[in-house]
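In what follows, chain A forms one complex with chain B and a second complex with chain C.
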Partner chain A sequence: MKRYDLIVVGAGPSGLSAAIEAARCGLTVAVFDENAKPGGQLFKQIHKFFGSKEHQAKIRGYKIGETLLSEADAVGVKVFLNATVSGMYMDKEILVRRGDAMEHCKADAIIIATGASENMVTFDGWTLPGVIGAGAAQTMMNLYSIQPGQRVLMLGSGNVGLVVSFQLMQAGCEVIALVDASPRIGGYGVHASKIARCGVPFYLSHTITKAEGPDCITGVEISQVDDHFTPIPGTQKHFDVDTICMAVGLSPMSQLLKMAGCSMIDDPRRGGQVPLVDENGETSIPGIFAAGDVSGIEEASSAMIEGRMSGLSAAAYLGFLSEKDKDSSLNELEVALNSLHQGMFAPGSKGKAFTKTDEGIAVSQSLLKKGYLDEADIARFNHFDKKSGVHPVIECTQNIPCNPCQDACPKDCIKIGKTITALPRIDADSTCTGCGMCVASCSGQAIFLVDEDYEPGYASITLPYEFLPRPQKGDLGTALSRSGQPLGVAEIIDVRSAKAFDHTTLVTMKVPVAQAMTARFYKREAQRAEL
Partner chain B sequence: MNRISEHPILGNTEMGRKVAFFMDGKQMEGYEGEPIAVALKAGGVMIHRYTQKNHEPRGIFCAIGRCTDCVMIVDGVPNIRTCITPLVSGMRIQTQDGVTALEVTE
Partner chain C sequence: MKSINDRSQDIGPFVSQTDDGVIICRCEEITKGEIRQAIHDGMFTVNEIRRYLRSGMGLCQGQTCGRLVKNIVVQELDVIPAQLDPATSRSPMRPVEMKVLGNEEVTHV
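Right after this comes the complex of A and B.
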């Protein structure tokens, strides 16, 4: 039987982070993952991540995975792929299936970082080919370069549903509608706005009542639901779609911990059955730890911190790290973790309806119901003295754990401060040069550059663009509002891409000055009537 | 065509070697090493199997080897999860009906 100081199950962000910390302290570490590729959820994520600079914010998910992997390599962590851990016992022995072979391994400490699995909901016809999970959509389009469908309806408005909808559009698929039984959009407003401005309608308080098709999906029927989530007869709407994508939540994959006899609790706010752990991730069995989504559904940023904490704790448990060194490292990480646990989307805030931001500004109801800010909201959030010339307009109005915009600006125009969940503010004393770094760095694509004085009667608007084909200088197209409604002709006056922008193209369009605060997207075809 | 040849973030897709395989006796093309299910999807195949009891169609659902909806008969072996099994040149894939191959009338 193979022996290690530490076994980590799961090579996602939490497992790899744990393994790296432990190996740095001198432990021999083996990581097992059932996938053929390491990185867990990260390898399917092609968007720029939220979080702070220390937690790799604004870096695209798959890049974070690659970095973790090479770090793990460098410190001698052994990563075994296609290796499913199917059993774990109290004496820290595990059973691994690799191909047809079963293998026993033993360690002095074990960290479980198995992540989460996707939830499903059932409706008439839900087993038909063409109904897929959001993870499946990501796997197909981002790993294997195949469109999951041509016309897709997304069920679920949490961050996964919002992010995957955007990724579907990037893959060239059409997202017909986003449906959620909840009366409010569950994910970040900035994610919702990215798809709303492309014209995707949101149907809140709606659910799928029927997936249609003889032997694969040809359409879908949705209905409005009442306060008890029961469909209201007579409210049906039909859409022609070939794919229904489900993004209805994740559940911790905590079976191994249960099997080993760790104390478990049911906690809906953490996503289901999770192990009882102390602040460093240690379960009720000494030397067995849990980190990442398996101990409560959160984010990669927190999963990495939790992973590092459990890795250090395992090292201390086995005597590779003095209590003093352990405490000082852990304190630092705890501060970082706490900072992520603030704001409206903190694990403890789940299900609460916020009416005001931490700053005391009334939240946008339009954002929660329709996915975009209405004009009155904008005035509430963008209170600054406008100087002449180009300046940033920041449409980020919820307290989310994110701050790359602050670090991005070489002129210190944007301030968030120490509390990472605070709203970004524009510093009136700094002068914007229009460099565009903030636009490209914003993970939520919520920053625009506006110049009301571009030409007499015309304003210029610079926006982030991540679709193909990219607009070209001189193109005429249509300016779209925050809700994706056509506003009139827009002329592309500048298109910028740079290595520092990391595949986000900065498109600048010229629109009538009256649209300076309403035009937020660009569609390539022009409206003929107005030319 | 539902292959993504150029992506705004991921760039140009690098495909493996083009190979031929057989789906219910009909010749199709795919890229070596990609999951069988991806090659089938590119060729427009949606139904992977029919359930034993009610003869209901099933296709890709999880795409990561967990749900078993996508299982088919591959080179004579039933219950192969096509979403995680790499395509090999000349493979014979058959729609699974219960636990046996679906009878195909040519």
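Right after this comes the complex of A and C.
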């Protein structure tokens, strides 16, 4: 039987981070993952992450995965792929399937970082081909370049539903509608706005009542729900779709911990059955740790921090790290983790309806109900100071843990301050050069450059564009409003892409000056013809 | 609040519901109606239902239906979810062919 100092199960962000920290302290570390590719969820995530620089914000998920992997490699972590851990026993022994054989391995400490699996909801026809999980859709598109369908309805308006809807559109699918039983959009407003401005409608307080089709999906019926989430008869709506995507939450895959005898609890706020852990992720069995989504559904940014904490704790448990060094490193990580646990979407705020931001500004109800800011909201968030010449307009109105815009601006035009969840403000004393770094680095695609004085009667608007094919200078298309309504003809006057923009193209369009504060997206002429 | 261990309690007669035909455990093709009937037959825990109907014993090992079955029990018995244990976890947690399970390798590459 092979022995290691530390075995990590799962090569996602938390598992890899744990392995790296432990190996740096001198432990021999083996990581097992059942997938053919390491990185867990990260390798499907082509969008730019939230957080701050320390949390790898504005870096795309798959890039973070690649970095973790090469770091793990450099410090001598052994990563075994196609290696399914099928069992774990009390004396820190695991059973691994590799190929057509079973192997037993033992370690002095084990970290379980197996992540989570997707939840499903049931309705008439939910087992028909064409009903898939959002994670599955993401895997098909981003790992295997397969379009999940042509016309998709998304159930679930949390960040996963919002992010995957946008990615479906990037992959060329049409997203017909976003449906959620809750009366409010669950994910970040900035993510919702990206979809709303493409014209996708949100149906809140609605659920799917029927998937239609003889042997695969040809349509879907949704109905409004009452306060008890019961469908109201007579409110049915029908859409022609070939795919139904479900993004209705994740459940921790905690079976290994349970079978090893760790104390478990049922915690709906953490996603289901989770191990009882201390602040460093140690379970009720000394030397067995849990990190990442398996100990409570959160984000990759927190999964990485939790992973590092458990890696350091495992090193200290085995005597590779003095208690003093452990404590000082852990303190730092705890501060970082706490900074992520602030704001309107903090784990403790789940389900809470905020009426005001931390700054005391009334939140946008339109953003929560329809996915976009209405004009009254724009006026209320006073960082839309009108200045002459090109200037940024920041449409980021919720307290989310994110600040890359602050670091991006070489002229210090954008200020968030120390509290990462504070709203970005524009510094009236700094002068914007129109370089576009803020637009490209905003993970929420919520920053626009506006110049009301571009030409007499015309304004220019620079927006982030992540669709292919890219518009060309001179193209004529349609300017769309925040809700995706056509406003009129827009002319492309500049298209910029740079390495520093990381695949985000900055498109500048010319619109009548009256649309300077309403036009927020561009639809290509070809798309107009296709309609 | 009722105790799920009190098997003598009267949970009322089985009344059919319009969505009883919906499949809950897709691996073993077990419907909501079958699960509700099992509860009325006296199967009050996810483990008992599992042994009685084979729900959660198929390819995905209850990864999809575990939560759904639990919710049905919660509703039928009118208890809170925390009172119910999910099914026992045991090795192998992923389905594995017998010939592989029996092929224990001693050396490690």
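The criterion applied here is as follows: the second predicted complex is superposed on the first by the 521 of 531 C-alpha atoms of A that agree within 3 Å, B and C clash if a C-alpha of one lies under 4 Å from a C-alpha of the other, contacts with A are read in each partner's own complex, and residues count from 1 in each chain.
Convention: a contact is a pair of C-beta atoms (placed from the backbone, for glycine too) under 8 Å apart; a residue touches a chain by one contact, two chains touch by 3 or more.
All of these numbers come straight from a predicted model, not from anything done at the bench.
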item	value
Overlay on chain A: chain C relative to chain B, clash or fit	fit
Touching partner for A:Pro268 - first (chain B), second (chain C), both, neither	second
Which of chain B and chain C A:Lys2 touches, first, second, both or neither	second
Touching partner for A:Leu476 - first (chain B), second (chain C), both, neither	neither
Partner chain(s) touched by A:Ala136 [first = chain B, second = chain C, both, neither]	first
Which superposed partner A:Ser117 touches (first chain B, second chain C, both, neither)	both
Contacts of A:Thr127 with chain B and chain C, given as first, second, both or neither	both
Contacts of A:Ala362 with chain B and chain C, given as first, second, both or neither	neither
For chain A as apex, the angle formed with chain B and chain C - C-alpha centres, to the nearest 10 degrees	60
Touching partner for A:Leu276 - first (chain B), second (chain C), both, neither	neither
After superposition on chain A, the shortest CA separation from chain B to chain C (Å)	5
Overlap of the chain B and chain C footprints on chain A, listed as residue numbers	34, 117, 127
Touching residues on chain A, where the partner in the complex is chain C	1-2, 34, 84-89, 95, 97-98, 100-105, 117, 119-120, 122-124, 126-127, 251, 253, 255-256, 258-259, 265-266, 268, 272-273
Complex interface listing, chain C residues touching chain A	19, 22-24, 26, 32, 63-64, 66-68, 81-82, 84, 86, 88-94, 96-97, 99-101, 103-106, 108
Complex interface listing, chain A residues touching chain B	34-36, 46, 60, 117-118, 127-133, 135-136, 139-142, 144-147, 150, 170-172, 215-216, 466-468, 470, 503
Touching residues (chain side chain B, partner chain A) in the complex	2-10, 13, 15, 34-35, 38, 41-42, 46-48, 56-66, 69, 83-84
